[in-house]
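We just call them A, B and C in the order they show up, numbering each chain from 1.
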């Protein structure tokens, strides 16, 4: 029963990682860049949600919607201002810019909202379902998190697989030049990708802080790195990979905390990542591309 | 195409190397004079050793990122290994080597050896991967090193050295000393790191890196960077050369870590986290990949900058971020690049010849 | 590296060699070589024997699998079937680097120079394996470092002078004009002391006078080093002029082998290049 409890909290944490990892993976797939500022978009989303709900008394779900709106706009603005001018630049330059953007967001948050941790109110209260005569308790937040993740995955897969815009995104990630020649607006498509990724980050922020209620300007940093790891774990660029990688990372982390050592749990997570990459160098579901000679 | 317009690489490289040595020596002399005439504020004087350490870090990372062309996000991990092993060695040798500069030198060598071993062990799995995957694994190793050191206990008593993981079970005899205390790190360090020592370490690092780059190994590193497939086709052992660059880089980072740590009375593993790795990477990218002088200047500028921005108090990190972004945008803008290129006196002379 | 057991089946009837090489062992023998890429047999049942000093042409329409053959010989791809014997040694299990050490050097269709290195360094890096000094001598600039570097530099300049490029030695390779880049690739390949040189479309993108110069240079290289050369080329005048023997590929299979004269009059070759005339 304890095992089941750990498994469920692992899946729940993993669901959050998966949602964040989607943002990393989509942006990587299309813009071939590691958007290090993504973790901080989560934090911004959480703050917006926090203030909307606790200061202005908005309905929690309206708060999440507002946070999504703000983050979507933020993601597009960041892309337009900082990344678009570097489309032709070497990838390291883009990486450093993204790191600069991450510092920028963190420090802006520090000035706006101070470094004092805020206690985030859960968006659906602190209740729990009791199963097996109360021996297994699953909080509402956990259920909502897992459900959100599944819904997001399903909707996103449909969007990418079936719609025109989704096809445009796939075309851009394969070959931007060819996509442009086929009449696809590449810039708009990249912008859309950032918008979707950032909107999802807002949801992840609200869910993350509902489960772990301390909110600080640096809240997004570590989950950001771990979700990025999850994206690589599953095979960066692959959407099912982000889902699988996220869930596995969450489960491994919780189990490592429970059964090995809470201080070494991060080390265990990263060690598993290294082993996976050695066996499958492109991640679990990633495709190995061979350079043409 | 006329041959006159082409750059003579050999001349440019030689000039760049001598310029780098000259700049470092002049800067050292100026700092020494300023510091002896009390021209430097005490906060600036306190930063001289860390700046030297960061310069060595930047130069060593540039060997991997700029010369070999692989992205490493865990360089602070080697600094950490060097800091802990070096300081522990210095404490152990406190009684045997009483002359502090010699103890520092020996500690830095031991730190370099430990970091090189770490680099070799990490290199075995890491160097089988490519590109972003290699980068993420170096990040992972950096975090693992941090976690492990955070849970590592090392003590010394009359019975020798004892260590344990997670909890302190070293059970030292009376009169023993617990050197590394898990998350509390090492405290009570004798601050034996000096600015001249930092200068010497920097000069040695530069000599090693420059001489290595201008040898058969360096040519191999750059060939692998420019075109891995062609490098294989002419019989280069890719793994061997990657490992060589990686281990050398780790060793220098270890020595820098020991120097850095012995400038403070306390060090903890959390000091050498992902953000430190990124900071050093920023030095390298801002200074120009493969450009050692650039790395050195960027390391100095970006270490002093937050200090100088102190008057803006809470806005300083924000300004730092903005400066970083604007610099990246500006240096990668074609028009600005061309403008700067016209200003460059060397380029102009070269074209006129 | 353990050598897997691969038996060599002699198929003398398929081999043709230039008369001057008959008395010596061939430099290369491919037997039943093949590879399947993405479910398609990109090269199948490829049998070829190259004489010690032969200049051979590998021709065929686009997509026939010519470059794939080079990639098999240099182990960029591991063959799925067949054997490659290089100087009588089975190359099974070897990788690109080991094959180079065993004597194959190549150039690439889409030029692959070390663009940021100088022209001389591009050549010297190819001599890496024969240079005898270690990292310590390099860092401390010991006498053997200087001696080896000077010797390597001299040899690089000598090789460059074959193509009249010695005065460009200190220029970055990436800034060379196109034709010079192609020639530098050949020099770099020669610097590894090959017994077999593979040239992948050496005349691509060259004008007729440059091609004529190239032809002379290849002849010169051949005479100086007495090595075997296989070249993939679409410029028929070059191929017919320089090659002792020609092998024609289509859809991954050899459709003809023979002297330039035989190939020019071979109906299967004409069909592959021009298509079959519709009857009636």
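We adopt the following convention: a residue touches a chain if its C-beta (ideal position, glycine included) is under 8 Å from a C-beta of that chain, and two chains touch if they have at least 3 such contacts.
The shown structure was predicted, so the numbers you read here are calculated from the model rather than taken from an experiment.
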| item | value |
| --- | --- |
| Chain contact graph, described as a line, ring, star, complete graph or other shape | complete |
| Innermost chain, where centres are averages of C-alpha coordinates | B |
| Distance between the centres, which are taken as Cα means, of subunit C and subunit A, whole angstrom | 49 |
| Where subunit A and subunit B are represented by their mean Cα positions, the distance between them in whole Å | 32 |
| Chain centre separation (subunit B, subunit C; CA means) in Å | 43 |
| Per-residue overlap in subunit A, given as positions that touch at least 2 other chains | 293 |
| Subunit C: positions in contact with at least two other chains | 76, 108 |
| Junction residues of subunit B, two or more chains touched | 229 |
| Complex contacts: residues of subunit C adjacent to subunit B | 74, 76, 95-97, 100-101, 105-106, 108, 112-118, 120-122, 124-126, 128-129, 131, 133, 135, 138-141, 145, 148-149, 152, 167-168, 170-172, 175, 177, 188-189, 191-192 |
| Of all residues in subunit A, those that touch subunit C in their complex | 293 |
| Residues of subunit A touching subunit B in the complex | 28, 34, 82, 85-86, 89-90, 92-93, 95-97, 99-101, 103-104, 106-108, 110-111, 225, 228-229, 232, 236, 261, 263-264, 266-267, 270-271, 273-274, 277-278, 281-283, 291, 293 |
| Residues of subunit B defined as touching subunit A within the complex | 65, 71, 125, 128-130, 132-133, 136-137, 139-141, 143-144, 147-148, 150-151, 166, 183, 229, 274, 278, 281-282, 285-286, 289, 314-315, 317-318, 320-322, 324-325, 328-329, 331-333 |
| Interfacial residue positions of subunit C with respect to subunit A in the complex | 67, 71, 76, 108 |
